[in-house]
Amino acid sequence: MWSFSNIANSIHEWLSNNFNPTWTIIIEMVIAGVAVISLFALLGLVLVIMERKVSAWMQIRLGPNRVGPKGMFQSLADTLKLLVKEGLTPGGADKFLFNLAPFIAMIVAMLLMAPIAFAKDFQLWDLNIGVLFVSAVSSIMVISILMAGWASNNKYSLMGAMRSGAQIVSYELSAGLSILAVVVMTGSLQVSEIIESQRNGWWIFKGHLPMLIAFVTFIIAVTAETNRAPFDLAEAESELTAGFHTEYSGMKFALFFLAEYVNVFIVCAIGATLFLGGWMPFHIGKWEGFNHVMDYIPSSIWFFGKTFFLIFLIMWFRWTFPRLRIDQLLNLEWKYLLPISMINLLIVTAMAILGWHF
Amino acid sequence: MEGFGEVLKMYRKTEIINDSKAPPAEGFGEADMIINVGPQHPATHGVLHLVITLNGETIKNVEPHLGYIHRSIEKMCESLSYRQFIYVTSRMDYLSAHINNHACALCVEQGLQVEIPPRAQVIRVLMDELTRIASHELWLGAMAMDLGAFTPFFHAFRERESINDIMEETCGARLTMNYMVPGGVMHDLHPSFQQRVKDFMQLYKSKVHEYDEMLTGNIIFQNRMKNVGVLSAEDAISYGCTGPTARGSGVSCDVRKLYPYEIYNTLEFDEVLETGGDSFSRYMVRVREMQQSIRIIEQLIDNIPEGDFQTKTKAVLKLPKGEFYSRVETARGELGVYIVSEGATTPYRIKFRSPGFSNLSVLNHIAKGSKLGDLVAMMGTLDLVIPDIDR
Amino acid sequence: MFIKKYIQEIWGAVKSLLKGMRRTGYYFTHHKEIITQQYPDNRETLNLPERFKGEVVMPHDENNEHRCTGCQACELACPNGTIKVIFKNELNAEGKKKKAIDKLVYHLELCTMCNLCIEACPSDAIKMAQTFEHSVFDRNELTKILNNPGSKIMDGVE
Amino acid sequence: MTNEELKIKLAEILPTATIEEAAEIGPGWITVNVEPIEWLAFAQQLRKEEALHFNFLFCLTCIDWKTHLTMVYHLRSTIFHHNIVVKAKLDRDKPAIETVSHIWRTAEFHEREVYEMFGVDFLNHPDLRLLILPDGWEGKNPMRKDFEDPVNMIRL
């Protein structure tokens, strides 16, 4: 079976044979870095065109269809446009913070790539606290938004940043609690072990209703955490023009834009890993033939398929629902999601102890 | 939100941008700030400029600054003849341009004492109601977009476009039709008019439940609209609100019912009244009003009398000395046209009592104490069309 | 009791949201419902109704003759001063001097397509064309002369 | 209430006013001419009197007659649905009249508009500032007859 691990191993062997260990590690890091950056760019391009097409079809429009076949290269053209645009820094802005903010957003998004298993045995860094790492690092995202809002010297930006702060801090809780539900079931924080525990079935199926509730809570919470509609109060176009990135233009704006999409990808990848079995193929109990066919589909396709399904779900939300108000947003978290996910976690814990799952 | 206030206080010390010469609103506190919504802002749908005093997210005062699209149509009309000035009024409330023209034509006819042929009356009413539906469709989409739901905007445009196609075929233009002339209408109906209106009604009926699914029944939408911007009936009257804004508060003010013009007294339709007075009531009034308009069209579309579509009037119109006032129900409320004539070929003074101007004045009253996000819902349900306000 | 209400509330909310998602999902999968058009591509098939008010034109017949008598009714009817009639003196068949139009200047940039000039014209000399792509690089190009060079008034039009 | 009764009632309230019936304005609308000084008291009575109950000021404007200005108030009752027109003659050089914005709140905006367009001073108006004209507008009031716009598109 064709697998990424073979490629990675052969590269590693070739490097070890030709260079001393220090150089090997440096070169491998450079390769990984380049791979992540190119994945980044690719994801940006793919997700932007996907969002535009999804929104267009839901809005009974044709969507972009001029650049390339069926408009597939539209986002390349957009990128070109943004690249040649002037990156304006407003006069009263705090220049250092203003210019730093989009890069922090990018760095956070890149860091989050580390523990994600893209395919079988294809992972940058399988650290033993992978899930914890993800939820910890993703909180840094709010810093960049706050920074951008503050440094812009614009009241709209500031309000957007403040909203985003309140929002991310509160939704982090229920996202964390629903992640914990999986961790409790698995007994490990390591991403590879979580995936391995789903060899005989994905958690969303194995865990009965509580896991389904955890999954739904997770999706809602991460939608809020990535500032996507209906929780896009940080940008809230009709209220705050563009919220925290009102003053950004050109490539700096593009970085925020890209970071948003990459964040969406990452949270969906986490969701797919935790609840939908990561790269694990879909198996049904004792149907050996069916399971065998499923195994033939490469693991990377399984992973990306699940992730993109979740991304589509989040886009579906965005293009269907109106935006919440700030107090309703916090009500939803503190009155509904948090109590539900807490009780849910208790039930999951009881289930895990009593072994009430497949 | 204690910390929020603190941060804002710090921020406020750095710079206050306030282009208003207004004295700070009463009780302008340390932690308050002033933001300018507009003249370029996605939610104002035009060049409305609101100076908002905010405490955190809570609105303390809203002060509209008008005039960004003031063309002084009233002054312009003083130099235009009675045939010419009608087209200018299309540019006031451009979403119900047809009804604006209707008001002017009525006023001139009142002065000339001409009888309108029955066919022309029916055509006018049909066009009015189509315009009303088109206007409400656009409002529905734009308001949903203000609240963050982008998709209904395009769905609402689908229906609106089919009305625009009908208009284009019969009147020759999609938005500013200038179809009314003193004495009737400019052209006869297009031969395929009836069929296309029937097609449109079929389309409308097959799609109308979608808005209930996507907006009316949606829990987020309801939460955003209910108990937001509550306007009591007394305030609605005192502030001079008309149209769906006032009817949402239970004030009966439909000109078509109270002071019927053309053939409205022979038609069967209900004046839509809601008693809530909040944004959701105003929303429901407009949604239900569209159905009443469909009902009116259904009654008329198969019963268009034969005959002239225009009474022959003189080439140069002269109104007798005196004052004339006519009012119609536009999609936004009561539009009054007040002509003072000196017996010349041009009006001596024209006053347009535009519904938007009075409806806007209530904004500060209902917005006080609500959140910034609510302001958008309120502006949406007041259905402000800025050229109508500025004139 | 409280718990029951709480759950009912959540269930109702989720149901209403799912209804909306079903609607957008329907449109996502039904591409036949798409209403937008590919405008510059469908120029050939684009059908504008004959009453569409695009710009004022003066039809000429095959002998380069128009129907305009130069009565200035359109000029008077226009609310914006869009139309300007410029006269010249012309000798007719009997050698008498006769007033005729030299140029009918039409300012497209001022025109609001209100159709009042067409209504006012007693000899049906001008009409509305269905063109609508009026954008030009130079504003002066919008000032048009409606009668063809060397055109004459048709016989029998007074 | 019929027009006759209305006329009698109005004459009771304000004997000094001249009341005329102008058929062409609307179906039997009554025009009441009042002195500017009497206007405020008259307005209060129009609003308060049970039988009249003019609670809806639907149009407020001004006409420049070159020799004088006329304030025109269109009132109606949302209960009885009767309409009247109240007119008050103002001096052209120093026009001033009492505000009615505390009786009908809609007058606040309409009076601001008349203030900037005609230069009518509304006494005791809570917030008499420019509404439509840009801040710092100097020069004549645009809607007066002797105002010449320096830029006139049509006569270009």
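For reference, chains read A, B, C and D in written order, and residue numbers begin at 1 within each chain.
Heads up, the rule we're going with is that a residue touches a chain if its C-beta (ideal position, glycine included) is under 8 Å from a C-beta of that chain, and two chains touch if they have at least 3 such contacts.
Given the structure is predicted, the values throughout are model-derived calculations rather than measurements.
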Pair of chains joined by more contacts [C-beta pairs], A-C or B-D: B-D
Most distant chain from subunit A, judged by the mean position of its C-alpha atoms: D
Distance between the centres, which are taken as Cα means, of subunit D and subunit B, whole angstrom: 24
Gap in Å, rounded to a whole number, between the CA centres of subunit C and subunit A: 50
Centre-of-Cα separation between subunit B and subunit A, whole angstrom: 44
Subunit C and subunit D, separation of their C-alpha mean positions in angstrom: 41
Per-residue multi-chain contacts in subunit A, two or more chains: 58-61, 319-321
Junction residues of subunit D - those touching two or more other chains: 154
Contacts with 2+ other chains: residues of subunit C: 17, 20, 23-24, 27, 35
Footprint of subunit B on subunit A - complex, ascending: 55, 58-61, 92, 153, 155-156, 158-159, 162-163, 166, 229-230, 232-233, 236-241, 319-328
Complex interface listing, subunit D residues touching subunit B: 22, 24-26, 29, 55-59, 61, 63-64, 72, 74, 78, 81, 85, 104-106, 108-110, 113, 129, 131-135, 142-143, 147, 154
Residues of subunit B touching subunit C in the complex: 80-81, 83-85, 87-88, 151, 158, 161, 168-173, 176, 178, 181, 186-187, 190, 210, 213-214, 217-220, 315
Subunit D partner contacts - residues on subunit B that touch it in the complex: 19-22, 65-67, 70, 72, 74-75, 79, 110-111, 235, 237-240, 242, 251-253, 258-259, 320, 322-327, 334, 336, 338, 340, 348-349, 351, 353, 357-358, 360-361, 365, 390
Partner subunit A, residues of subunit B touching it in the complex: 1, 4, 7-8, 11, 14-15, 17, 33, 35, 41-43, 57, 144-151, 153-155, 158, 214-215, 218, 220-221, 223-224, 371-376
